[in-house]
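Look for subunit A in each of the two complexes below; its partner is subunit B in the first and subunit C in the second.
Up next, the complex of A and B:
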């Protein structure tokens, strides 16, 4: 009896540990399968694209002899499954190959372009959330009012106007006419000699270097494209906030809170929004992940050397190592953000913690 | 009541958010931006730059970087583009048998690194190109150079004398023109070999060094008026004045190229003064720039011609009458006055204006009746259907659509297959098209380049080793091929020019190429920039004469 009594908690802990281990293993399996599927699909799509990858390297003018030699060098004469196996083996050893367009190792390129996209996406998401949530709350609380309609229209415009057009318009107004912001690019050419990026996140680098002139310049470059991305993210976030809030405001606990005599501020911000926050985290995380893929059009208009432009350009030249590397990075970002929002769930919602 | 309360509380919050955004953006107002006085900043789509190595580079934007940062034995004379002038070479002589070229180098000149330029550097640069054997190497190997004989054929006799031996008595103009190409750039042997990597010889590559190939992709070892300090793909190229340059020192301390792809964006940056030169302006933006009193424009006809080609594997398109009929079905005037305004001029011969022996004739006019008559003669009175591979960029798409409409008037139904540039090109190179709209830039500034491309096809078989444009359209022309070869050996420049004119005349009448126009390169330039000039080729867009007020 006494033996089993002492053993039982240990057994339970064991079981719990095993369950957790199983969960982790299951998660890793899902991640591994996701990656394998991602790489396989991208790889084979890349091979059926009707573009000759040799063309990107040697150009249109190379003699037939040179074309043939490069084809052999790239291993393009091998059967597809062998090519895939070779690629996979390289990836497992941390070698993602070399981009034929930039001639750099793919990961070197991505380390250069991804921070540019991530910085832009982060600032954009912050703007989107900071403005989108209060607007959504306002629209929900004053449902049917003029304010609600205005938020709806602003959101709709954000959703439906082509970003290309809006980007050019923003440049025209704020950069060319008013001169409030800096133009396309990440940083002014005058700083090209004095400023050496460390992390690749220029705002952070400027703070680390305590170079406030650079910080102002970088900020004035990023504000326009980030606001634009933020606007789109805001449109989505405010619509979702509104519907989550309407859902919460109709709940009985709100009535109870009102009956208790709590102030409207506490009811809305302390109770309703608190509960709406859980699904909101998913919404914001997903929109953040979407922005991290890089917005090709925004990057084109603002001459922003980011991931979207890099992958698009690579794809058009059948530079498959670069495309695959980029796809894997984006896949990782999605997985990481999913994990992060899981963690946030747990912090925001006590019910998910007990299990 | 309730909702009023809420608004009251939320209002300051929202206003605060909006106001702080205004503050943030308003607080950092850069009024009129201006680039530094000693720096020229250009906005240009430089995503075609994949290497800075003259032995490998064969694209447009790097030709400009290499053309300004390196020097060749001889350079194109911008004032008379049918002639060359001395670069590193001070003078040269051709032996009576036409096989040996002796170059005397300018004395006491140096590379940017400070190393002296000797004939050994020239010989080694030739050897490097031939042994690496990259895309542009044929410009030199066509003179009979191989990895085995290059040391003998391209040789330093002493520090100041370089001797080049060719395998046939070519026209001297041909040999010298080829040496102006970027592949003929003279590299700093000492500097490059410090960075060379050892390689293991194999069947494909028989040498134990990479001749600095890996290093040269992103580095610089030249002697031009500017040196290349930095290149980040799809982002920036930074060039600096070469203090060791032997010629006139440039006024600018540095030139920065920023990768900006979008025409409208370039225009905004130019107007705001963030860049001094915008290089990819489309007709609409160009017009706005030309009306702005603060800005000027520069333009030059480039060695790139555009054409529609008819694949001769298609039986209908192979009929001589059909080939001719198609030349009457292009509305040249309409295309020239709308789509090409400022960026191209109608040209129906395949040699670019300004090159030796270029024929100035535009005989074809849009004439449906004439075309119908020809089609009837070909037994195609009721017309027929063909496909048309078109890459989706302007003005090519616009021209294709225009042609689709005008050809329909004669009963030719054209189905446009749009595609990405590399995709349509892949199909074209495999000869799987009916109609294709293409562009062709000269490989080097000599009439042989386009004569070979358009009117030479030594082997029309599917696995031919030389795949010219004539081959890509399966145009089997043994006689013309011989004539092109003969023109190469005509040592009298005037007679040589006549031979090329004859070839163009023949192509004008019978070829499956409907020549459309020659490209004009345009640039929007800020008013304070002086001396900005574009040359006939990208390696002759000179930076050295530019200054800023």
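Up next, the complex of A and C:
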């Protein structure tokens, strides 16, 4: 009896550690499989498309022996599975090949363009969440009121208006006519050569360098595209917040909270929203991931040197290495964000935690 | 016996697209520091009566009454803020199912402390101590441990005891228990009822016990009101329930199976249009 009692805690701790290890291993397996699938699909799509990568490099007037030599150099005479194996080996070492268009390694290019996209997406998502959540809460609490209708109409417009049109309109009004903001691009030409980015996130870099002139300039560049993305994100977030809140406000624990004599403010923000936050995290994370893919249209309209623009340009120039690299990065971002939202979900909802 | 609560001609109506729904149609009763049972079938208006007293009628509902008086406070004239100050502090309510009526993402301790802090300027430590005392009062063996648990980590019976603790911690004078044991197992029901009974007696609270279980109410309460279609059809001391005269109450009593009695089939409840008048 006494022996089993002294042994039990150790046994339990062991069992728990083993269970956790198993969970982590299972999770890694899932991630690895997802990655393998991602790389395989993008690779084979890249090989199946009717584009001759050799032609893209040597041009259409090259003599046949040059074409043949480049073909051999690129390993295109090998069977597909061998080509895939070589590619996979490269990817595992962080080598996505060289971009034909920029002649840089694809990885270097992505390291340059991805922060641009990420900065834009982050600011956009923050704007969307900071405005969208309170609006959704307001609409749910005042259901059927004028405020609710306004929020729904604003959301509906955000859903249905094409972003390139709104983007051009915003440029016309705020840049060309009013001159309140800067135009396309990330940073003014004046600063382009004096400012050396460290992280690639210009806002952050300007703060790190304590260069407030640059900060103001970067801000006035990002504000339009970020507001635009923020508006679309806001439309989605406010709509989802409204529906999650309506669901929570109808629950019995809200009646109980009222019976306790709590203030409406506390009931709405402390009880209902705290519960609605659980599914909301997933919604916001997915919308963030969507923006991280690179909003091609926004980046094109605003000449934003991000991932979306990079992939589009590469695709138009048959630069398959760049396209594949970009696609894999997007896939990784999706996996990472899903992971993050899983973790957040667990933090927010005690029922999903294992004890 | 001084009246704790006086209800006279209470009416609760809900205007809907298809017309007005009258949930409660002229209910009158007075309550002292006693246990009053309200029984009736679903839709008889018993829950809406309780919610009207709490001030928790859904927003589109309309309440009228000749009198709705709690301890000299006219509940009809009281402002929203005054009603809120009463809720939880002087009038409290226990809901049916702890699985839904406790906030799933907040620890039990915080939910109890929250009631206290909504009404009294107590320090954190003091609030915690009183919450732990209250948990002990509802016979939770290890209050310190339960304090930090989430609602999904306790059983139904324990959840309902937590609910009672949460509602009684600020020391209300009137408790409305709306089907407090209907979601529990029969064995746990009696346990929870015993705790409720003891606390009501110890603290000298008035209790309105809303239930559809006639037998439970008659064994637990001092007085019983039988409601049908938004009206009180009969009011009598629990001990004399067998002498009920109204055909609806008789019907309810007749439906109860008895051990040893060979009644096949059991009589079915009758509902007559004239009872609604």
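The rule is simple: the second predicted complex is superposed on the first by the 345 of 355 C-alpha atoms of A that agree within 3 Å, B and C clash if a C-alpha of one lies under 4 Å from a C-alpha of the other, contacts with A are read in each partner's own complex, and residues count from 1 in each chain.
In this section, contacts are C-beta pairs under 8 Å (C-beta built on N, C-alpha and C of every residue); 3 or more make two chains touch, one makes a residue touch a chain.
Because the structure is a prediction, the values reported are computed rather than measured.
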Superposition on subunit A - do subunit B and subunit C clash or fit: fit
Partner chain in contact with A:62 - subunit B first, subunit C second, else both or neither: first
First (subunit B), second (subunit C), both or neither touched by A:210: neither
Which of subunit B and subunit C A:262 touches, first, second, both or neither: second
More subunit A residues in contact - subunit B or subunit C: B
Partner chain(s) touched by A:147 [first = subunit B, second = subunit C, both, neither]: first
Superposition-derived minimum Cα distance between subunit C and subunit B (Å): 8
Residue ranges of subunit C in contact with subunit A within the complex: 54, 56, 84-89, 92-93, 95-97, 100-106, 114-115, 118-119, 150, 152-153, 163, 166-167, 170
Subunit B to subunit A touching residues, read off their complex: 2-3, 5-7, 9-10, 13-14, 17, 21, 24-26, 28-33, 35-36, 39, 41, 43, 47, 50-51, 58-59, 133-138, 204, 217-218, 232-236, 238, 256, 258-262, 264-265, 268-269, 271-272, 274, 420-423, 425-427, 429, 443, 464-467
Residue ranges of subunit A in contact with subunit B within the complex: 49-52, 55-66, 69, 72-73, 100-104, 109, 112, 127, 130-131, 134-135, 137-138, 141-142, 145, 147, 168, 171-172, 174-176, 178-185, 188-190, 192, 216, 219-220, 223, 227, 264-265, 268, 300-303, 305, 309-310, 313, 316-318
Sites on subunit A touched by subunit C in the complex: 251-253, 255-263, 266, 271, 274-275, 278, 348-351, 355
